[in-house]
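Before anything else, here's the structure in question.
Labels A, B and C are assigned to the chains in the order they are written; within every chain, residues are numbered from 1.
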Amino acid sequence: MAVVAPNATEIRGLIRKAKRWDVIFVSLGIACLGIGLLTFATLFLDMLIDGWSRLNPEFFTQFPSRRAGQAGILSAWVGTTLVMLVTAFFAVPLGIGAGVYLEEYAPKNWVTDIIEINITNLAGVPSIVYGLLALGLFVYTFGLGQSILTAGLTLALLILPVVIVATREAIRGIPGIIREGAYALGATKLQTVKDHIVPYSTPGILTGVIIGMSRAIGETAPIITIGALTFIAFLPPSPISDVPPFVNFEWLKAPFTVMPIQMFNWTSRPEAAFQHNAAAAGFILVLMTLLMNGLAIWLRYRLRKNIKW
Amino acid sequence: MVNPMATATHASMLGSANPGATAPAVSGDSPPPLKAESRGLDFYYSNSFQALKSIDMPVYENKVTALIGPSGCGKSTFLRCFNRMHDLYAGNRYAGQIVLHPDNTDLLAKDVDPIEVRMRIGMVFQKPNPFPKTIYENVAYGLRVRGMTQKNQLDDKIEESLRGAALWDEVKHRLGEMGSNLSGGQQQRLCIARALATDPEILLFDEPTSALDPIATASIEELVTELKKKVTILIVTHNMQQAARVSDYTAYMYIGELMEFDKTDTIFFKPKRKETEDYITGRFG
Amino acid sequence: MTGPGPSAMPTVVSARLAKKFSRNLRERAIEAILFFAAFVSVLTTVGIVYVLVSESVHFFQRVSLWDFLTDTQWTPLFDDAHFGIMVLLSGTITSSLVALVVAIPMGTVIAVYLSEFATPRAREISKPILELLSGVPTIVYGYFALLFVTPILQALIPGLPGFSLLAAGLVMGIMIVPYVASISEDAMRAVPMALREGSFAMGATRLQTALRVVFPAAISGIAAAYILGISRAVGETMILAVAAGMQPNLTFNPMESAATITAYIVQVALGDLPHGSIGYQTIFAAGLTLMLLTLAFNLVGFYMRKRFREAY
C-alpha cells in the first residue's frame, strides 16, 4: 500500500479528533445563538416585570406627570402616531418612486451611479446625523420649528434607503419575461410599471415599508437632536375638525413628544418609580417593533412561498 | 510510515461485507483483480426520486472505467456514491453495497465514516474548483487535513503530486501564487494533484474536461492514461470518443440502470444490447 | 382599437399621433417625477454636508483645528472653554472596542454555525429571530444596559460606577451581533458549493471545510460585515447616552464613565442652547467628525462587499 498513508487506526484517530472539534464548534455556535436569544428574552421579560405595575389602561390615557404613579403615555403615543403619519406620507411615495426609477428608468450613467452610491452611503449614516441635518435645515433654515412635521420629515429621510432598497429588490424579483409580455401587448413603460411592476412587487415593498416604519418608531436620537420637548402635557390640535373643510393641518406645526423620547426621559430620572414607567413604555415599544418586524418577516415568507415565477 | 498490516487492519475494523451478487460477466479472457464492486446499488434522492436501480458493476484495479450514457442517466450520481458525496445533503438514501477490495469494506455501510471513505477515494470535479489558496496550499490541503505538518515532508509530497499531475514544470517557480491564477486546464491539473497528494486508492473523475478547451482536454486525457499505473480510475464522461480513448472498461447507463458493462472495445464495436449500440452510434441521445 | 377601413386611415393616423404626443408627454412627466424621488437621496447628502460643514466653518473660525485635534479637555460650556475632540473620541473608541470584542467573535461563530452546520430548518428559524433582535429600539437597549446589566456588572466588578463604557459597550455588542452575523452568513453562503465539495472530497470535516476553505473564500464579505459593525458602534447614540454617562472624560478604560461624540450631541440638544452660539456649533463639529469616521468605514466596507460580490 501507499507509503505515506497512515494505517486505519491512525486515520480513525485523526478523524475522531477532527470530529471532536466539529462537536465543540457546534456547541459554541448554539451557545452564541443562545446568548443572543437569552439576552433578548431577558430584556423582554425585564421590561415586562419592571413595567407590569404600570401596564394598565390609565397608562395610555394619562399625560406625563411629576408624580410617577399618575404619569402616562397619552401625549407620547398620539405624537408617535402623528409623526409616523407624516413619515409614511413622505417616505412611501418617495421610496417607491426612487426604487422604480432606479430599476425601470435610470439610464446607465454617472448621475445614476451617484444616486446609487448616495443611497448606499445614507443607509450607513448614523441616525443622530440626520438629527443634525434636521436641526440645521428644517428647524432653522426652513423655519419649521421643533414640530411634528420636522420630526416626520427627518424620520422619512432616515428610512428612505430602507424603502428604496426593498422596492428595488422586489422589482428585481420580477422576471424579465413579465415585462416583455406587457410590452409585447403594446403597453407603454408607464402602463407596464403601473399595471404590472408595482402591483407584483407590492408585498416586497410593503415588507420594506413596515421594517422602515418599525425603525422610525424606535428612533430617539434624531428627535432629541431637533430639540423636541420631553414634557408635553397636552395633545396637538386634532387633524379632524367639525367645520368645513373638516381637516386642518395645525397639528403639523405643534410641539410633541414620542414614545422613545418619553421613555428616555423617564429612564434618566433617578427615582425608581419613573423607571417603572420607562419599563412599561419600553415594553410597549418592543412589542410594537416586534409585531411590525414579525409581520414583515411573515409577509416575506408568504411571498417566497406563494409566488413561483 | 510503512505498515504492512494497514489494509488488514482496515478489513478487520470495518467488518467484512457479505459476499453478494456477482458482477456482470465480462467477455474475453479472465478479468484483472477487483478494486471495488457495486452490488445491488439503489440510490434515492431526498425527494424520493430513485436515481439508481440495482446496479452491479466491478471496478478493476489499475484500470480506467468509463461511465457513459445520456444526461440524467445517473452516471454522476453513481460516481458520487463511491466517496459518499451524497451524504452531504440531508435525506439522500443508499441501498445495496459498494465493496472496496482488498479489505472487503462496504463503503455505504452505516458504521463506515464517509470522511474515512473520502480519505481513501479521491475526486476531481466537472469544473476546476481550486481553493482560494496558493498553489502550494491547494495541494497541501489533504495532507494537512490528515495532520501532516512537517515542512520537508509536505514539500516532497507536493512536488511528487504536482509531477504526477504533469504540472510541476509549469508551476515550480510560482507555488506561492493563488491557484485561481492558473488557466482552466492547469487548474484542473492542480485539482488532480490535490487529489493525488493523499495517495487515494481510487480516483473519481466527474466529467473532468467538460469545462476545458480541446488542448487542455488532451493533456488531461493523457494524464488519466498515465495515472492508471498508480491508481484505479472511474471516469464519467459525456463524450464517447473520450471514453473510447482513455478507458479500459465502459459502462453504459440509462435511466438509473446499468445497461451494459464490458471492455471498452467490446462496448464500442460489439455491444451485446441494441440500446447500447443505438447510443454509441448516435441513433439515440 | 380594431383596424379601421383604408379610407379612414389618414385621420386615424393623425389622431393616433396626437394621442402619442400627449402620451409621451405624460410618460416624460412621470419619469421626471420619479427621477426627483431618486434624487432626494442626493439632496439629503448635500443637505447633511452643507449643514455640518457650514456650522463647522463658524466653529473653526473660533477654535483652531490644531486645538480641536490635540487639546485634552472638552469643556465647551465652561468659561475656560476647551475643545479637544479626543476626549469624546476616546469614549467612542473605547465603547466601540468593547462592543466589537463581543460582536465580532459571537457574530462570526453564529454565521459559521448557521451557514455551515445548521440544518436548513434551524437556519430558517434563527435568521428571522436575529432580525427581530436587531429591530429592537436602541433606547430599550439603553434602559437594559443601565438598569439590568450595570447592577449585575457592579456585583461582579466592585467599584464599577453607575455609568460605564463597559456596560454600554457590552449591550451595544449584543445589539450588533445580528448585524455582523447576518452579513457574514450571506458572504459565506455565496461561496459556491463546488468549493465545499472539493474540500469534503478530500476527507475534510465540516469545521475544517468551514474554517480553511469557506471562511477564506468569503473573507472580504466578512471583513465588510465587521467594518459595517464598527460603523454602527461608532454611530450608536442612545445606549451610550443612557448607560455610559455624559461626562466628557479622556479615558480608554472601559470601567469608567465617559461621554461619546454621540452622547455629547444628545446632551447639548437636551439643553437649550441658543442658535448660533459656540455651544450650538460644537455639536456640528462633533457631528462632522462622526460623519467622516463612519463615512470612511462605510466606504471601505462598501468596497470590500463589492469585491466579494465580483469574486463569484
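The working rule: a residue touches a chain if its C-beta (ideal position, glycine included) is under 8 Å from a C-beta of that chain, and two chains touch if they have at least 3 such contacts.
Since this is a predicted model, take the numbers as computed values, not measurements.
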{"item": "Closest chain to global C-alpha mean, per-chain Cα centroids", "value": "C"}
{"item": "By count of C-beta pairs in contact, the leading pair of chains", "value": "A-C"}
{"item": "Taking each chain's C-alpha mean as its centre, the one farthest from subunit C", "value": "B"}
{"item": "Centroid distance [mean C-alpha coordinates] between subunit C and subunit A, Å", "value": "14"}
{"item": "Distance from the mean Cα position of subunit B to that of subunit A, given in whole angstrom", "value": "53"}
{"item": "Whole-Å gap between the CA centroids of subunit B and subunit C", "value": "49"}
{"item": "Sequence positions of subunit A contacting 2 or more other chains", "value": "15, 18-19"}
{"item": "Residue numbers of subunit B (touch at least two other chains)", "value": "115-116, 119, 145-146, 198"}
{"item": "Subunit C residues counted as touching two or more neighbouring chains", "value": "203, 205, 208"}
{"item": "Subunit A-facing residues of subunit C, complex", "value": "23, 26-27, 30-31, 33-42, 44-45, 47-48, 50-52, 54-55, 106, 109-110, 112-114, 117-118, 126, 128-133, 135-144, 146-148, 174, 177-178, 203, 205-208, 210, 228, 231, 234-238, 241-242, 262, 265-266, 269-270, 272, 275, 283-284, 287, 290-291, 294-295, 297-299, 301-302"}
{"item": "Interface residues, subunit B side, partner subunit C - complex", "value": "83, 85, 88, 90, 115-116, 118-119, 122-123, 125, 127, 129-133, 141-142, 144-146, 191, 194-195, 198"}
{"item": "Contact footprint of subunit C on subunit A as seen in their complex", "value": "15, 18-19, 21-22, 25-26, 28-30, 32-33, 35-37, 39-40, 42-43, 46-47, 50, 93-98, 100-102, 105-106, 114-115, 118-122, 124-133, 135-137, 140, 157, 160-161, 164, 188-190, 211, 214-215, 217-221, 224-227, 230, 260, 263-264, 267-268, 275, 278-279, 282, 285-286, 289-290, 292-294, 297, 301"}
{"item": "Residues of subunit A defined as touching subunit B within the complex", "value": "1-12, 14-15, 18-19"}
{"item": "Residue ranges of subunit B in contact with subunit A within the complex", "value": "1-3, 5-7, 9-10, 13-14, 113, 115-116, 119, 145-148, 157, 198-199, 201"}
